[in-house]
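Labels run A, B and C following the written order; every chain starts at residue 1.
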Amino acid sequence: MSFWRQALEIARVDLTVEQRVGSTLRITLPFAVVALIVFPLALGLQLGVISAIGVGVFWALGILYGMQVALRQSATDGRERRDLHALLGVDPAARFTGRVISGGVLMVGFLLVLLGAMTVLFDPLLPEGAWPVLLLSTLLVAIGLTELATLAGEVTSGLSNRSVLASLIVAPLALPLIIGASQSVGALERDTSILPWILLLIASDLALAVAGVGLAQPLEEATR
Amino acid sequence: MEPVAHFDKAGVSLGGRPVLRGLDLIVAPREIVGISGPNGSGKTTLIRTAATLTTPDRGSVTILGKDTRGRDLGATRRSIGMIGHSPGLIGELTLGENLDHVARLAGIERARVGRALDVVGLGEVAGRRAEASSFGMRRRVEIARLLLTKPRLLLLDEAASGLDEAARQLIDALVESVCAREGACIVVSHDRAHLDGLCTRVTSLAGGSLEGSSA
Amino acid sequence: MTRVRVLMSLAAVAVGIGLWFALTAPPDALQGEYARLLGIHPPSMWVAFLAFGVTALGSIMWLIKKTDRWDRLASSSVEVGVIFTAIGLFTGMVWGQAVWGTPWDWQDPRLMSTLVMFFVYLGYIALRNAIDDPTVRARRSAILGAIAVVQVPLVYFSVNLFRTLHQTQSIRPDGSTMPDEMLLAMAVNMVAFTILYIALVVARIEVAKVEAENAREEAVAGEAVRPPRLSEVEDV
C-alpha cells in the first residue's frame, strides 16, 4: 500500500475513534474555554485590559491546551497495535504523518472554536486586516504544535507519566510558534511586514515535519 | 530447502539483562515447533525475536532468508503472522471495522473481510464494538486477520489460552493451513499436552537456551 | 579512574587560578564589584551551550552508530550542562538585577534559548529516569536530543527576530567599559570552566560504564523464578 494511503487510513481511524470517544470536544475544549473565563476574573474585570490581552491569552491557552489534543489517549498505540503495524508493513513515517493529519484536523477545529470563544468573551482590539492573518497563523500553529506533540507523545509512549512529561518537552520547544503567532498580528498593529513571522511559523513546521519523518524509524524501534 | 526461521547462537537482552543466550533453532518448512518453559524463561522474547520485533544483540536470526539485524524488513514482516498475549484491537471500533482497517493497511481486497469473519464465526456480531466483545471474540478477529494475510511464518504465544474448544480448533486449522502452504509455525504454550498433540517437534526453554527437543 | 583524578586535579587548579583572576581584578567603573560575575556567568553560559552541543552530537551519533559510548557522552553532558545552565541563569539574574534593575530580559535571544534548553534537558533527564531498558532509554533520549537540535536554533532565531522590534539595553554587562584585567579574568575562567566540564563529563561517563557493567553481570532473567513449593501451600 502506498505511503499516503497508509497515512490517510491511520488518520481516518484516529478521527473515527475520536468521534466516538470525543475527549477533545467534550473535555479539552470546554476546559480551555473555562480557562479563558479565569483570566478576566483574575484581572479584576478591567475591560480595557481584557480587550488588549485577548489575542495573547488565546495563543497561550491554545498552545497549552492544544498539546493535550495532540497527546489525547485515543491517539496512543499500545504495544500490540504497534507490533501489528510493524508486521503489516506500515511505514513508520506514514504512521507519523497520519497521526499529524488526524491531530492537525482536531487541532484546527479546537483552536478555531477557542478563537471564537475568545472573540466573544474578550472583544479583542484587532487592527485592520487581522482576521486573515489570525486564521493563517492558527492553521500554521496547529500544524507545528501537532507535529511537536506527536513527536513528544511517541518519545514518551508507554511511560506512566506520559502526558505530563510530553507536555514538559513540548512547551519550551513551542516558543517559535508562540512568538511567530503573536507577532504576526502585532506586525499589523505596528504597520510592519508580517512576512518574517509567517516564515518563522512555516520554517518551524517544516523543520518539525523533517524531524518527524526522518526520526520515524528510530522512534518506531524505540517504542516497541 | 531454506529454513523458515534460523536462530544461530542468538542472544537477546532486555532491560540490560540477558533473556536469550546462545539460542540455536532451525525451523524448516511445514514444521510446527512447540516451545514450553517456566514463567520468565524468555518464550515471549523468542517469539518477538522471530517476528523481527526484537533484534538480537549477539549471534544472528534469519527469517525467510533475511537477517533481522538488517534494514528493509518490510517484505519479511508482511510474511509473518503473530498472535500475542492480548489482541491488538482498537476498542472503539467494531470487530468488522478492526478487520477492515487491517485489510486497508495491508492492501488486501476488502471484500474478503466479510468472508473471513464468517469463517471464524463472527459474521453476525461484526457490528459489535471490540471493547464490548469477549476476549474469545477478539481472539477470533485476530485469527480472521491471519486468514486474510496468509503468513508464511506463524507465531503463536499462548494463543489458545482462555479460548473455548471451537476457537482452539480454529487455531489448529490455521496452523495446518500455514503448513500446507510450505510455511512453518512456532507455538509457545504452557499446555504441554496441546503442544504434543499439535506440533511436529516440542522443546523447552530454560536458562535462555533451548533444551533437547522431542519429536 | 586515574584519568578522572588527573582531570579533576587539573580542573581544581584551573578554577582556582580563574577565581584568583576574578577576585584580584579591579572593579568596574559602572558595575562595581558585580563585574566580578564576569568570571562565572559568561563561562557558565559558554559551558551550557557547549554541553548541549555535545549532547546533540552524541544523540545524532548514537542514532547512526548505535554504540553505548555515544549515549553515555550525550547523557553525561546533559547532566553537567543542566548544572552549569542553572548557575548561568542564576548569576545572570543576580547581575541583571544589579546592573539593569531587572533580573530578566525577555528580548535577549541567548537568555531565552538558554532557558528553553534548560527545560528541554530537564525533560531529557526526566525521560531517561522514567525508562529502565538501556537501549530504549538511549534511543528515546537520542531522538529528543535530535529534536532539540532542530528546534533550539529556531528558538534563538525567533527571539532575535522579536528583539529587532525593540531597543536593547544601552548598558550591557559585557560592554567595552570593562578593564582589561576583568576581560582576562573572563577568558581564563572560560578555559577553567571548560576543563571542569570535561572532567565532570569524563567522571560521569566512568560511573555510567560501571552501572552498565553491573547490569550485564546479572543472571538470565528467568533463572530467578523458582518452582513453587506445592507441599507447603497449606502451611501459608
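Just so it is clear, contacts are C-beta pairs under 8 Å (C-beta built on N, C-alpha and C of every residue); 3 or more make two chains touch, one makes a residue touch a chain.
Remember, predicted model here, so these are calculated numbers, not experimental data.
Asker: Quick one: point me to the chain whose Cα centre is farthest from that of chain A.
Answerer: B
Asker: Could you name the chain whose CA centroid falls nearest to the centroid of all protein CA atoms?
Answerer: That would be A.
Asker: With respect to inter-chain C-beta contacts, which pair, B-C or A-C, contains the greater number?
Answerer: A-C
Asker: Report the inter-chain centroid distance for chain A and chain B in whole angstrom, where each centroid is the mean of the CA atoms.
Answerer: 38
Asker: Please compute the C-alpha centroid of chain B, do the same for chain C, then give the distance between them in whole Å.
Answerer: Here the centre of chain C sits 46 Å away from the centre of chain B.
Asker: Just how far, in Å, is the C-alpha centre of chain C from the one of chain A?
Answerer: Their C-alpha centroids are separated by 29 Å.
Asker: Two or more other chains in contact with one residue: find those residues in chain B.
Answerer: Within chain B, no residue touches at least two other chains.
Asker: With touch defined as at the start, can you tell me which chain A residues reach chain C in the complex?
Answerer: So the residues of chain A touching chain C come out as 148, 151, 155-156, 159-161, 165, 168-169, 171-173, 175-176, 179-180, 183, 186, 190, 192, 196-197, 200, 203-204, 207-208, 210-211, 215, 218-219, 221-223.
Asker: What residues on chain A touch chain B, complex-wise?
Answerer: 1, 5-6, 9-10, 13, 16-17, 20-21, 74, 78-81, 83-91, 224
Asker: For the complex, which residues does chain B have touching chain A?
Answerer: Residues of chain B touching chain A: 48, 51-54, 74-75, 77-78, 80-82, 84, 86-88, 90, 92-93, 97, 101-102, 104-107, 149.
Asker: Which residues of chain C touch chain A in their complex?
Answerer: It is residues 63, 112, 115-117, 119-120, 122-123, 126-127, 130-131, 136, 139-140, 142-144, 146-148, 150-152, 154-155, 157-159, 161-162, 165 of chain C that touch chain A.
Asker: Inside the complex, what are the residues of chain C that reach chain B?
Answerer: The contact residues of chain C facing chain B are 132-135, 212, 215-216, 218, 220-225, 227.
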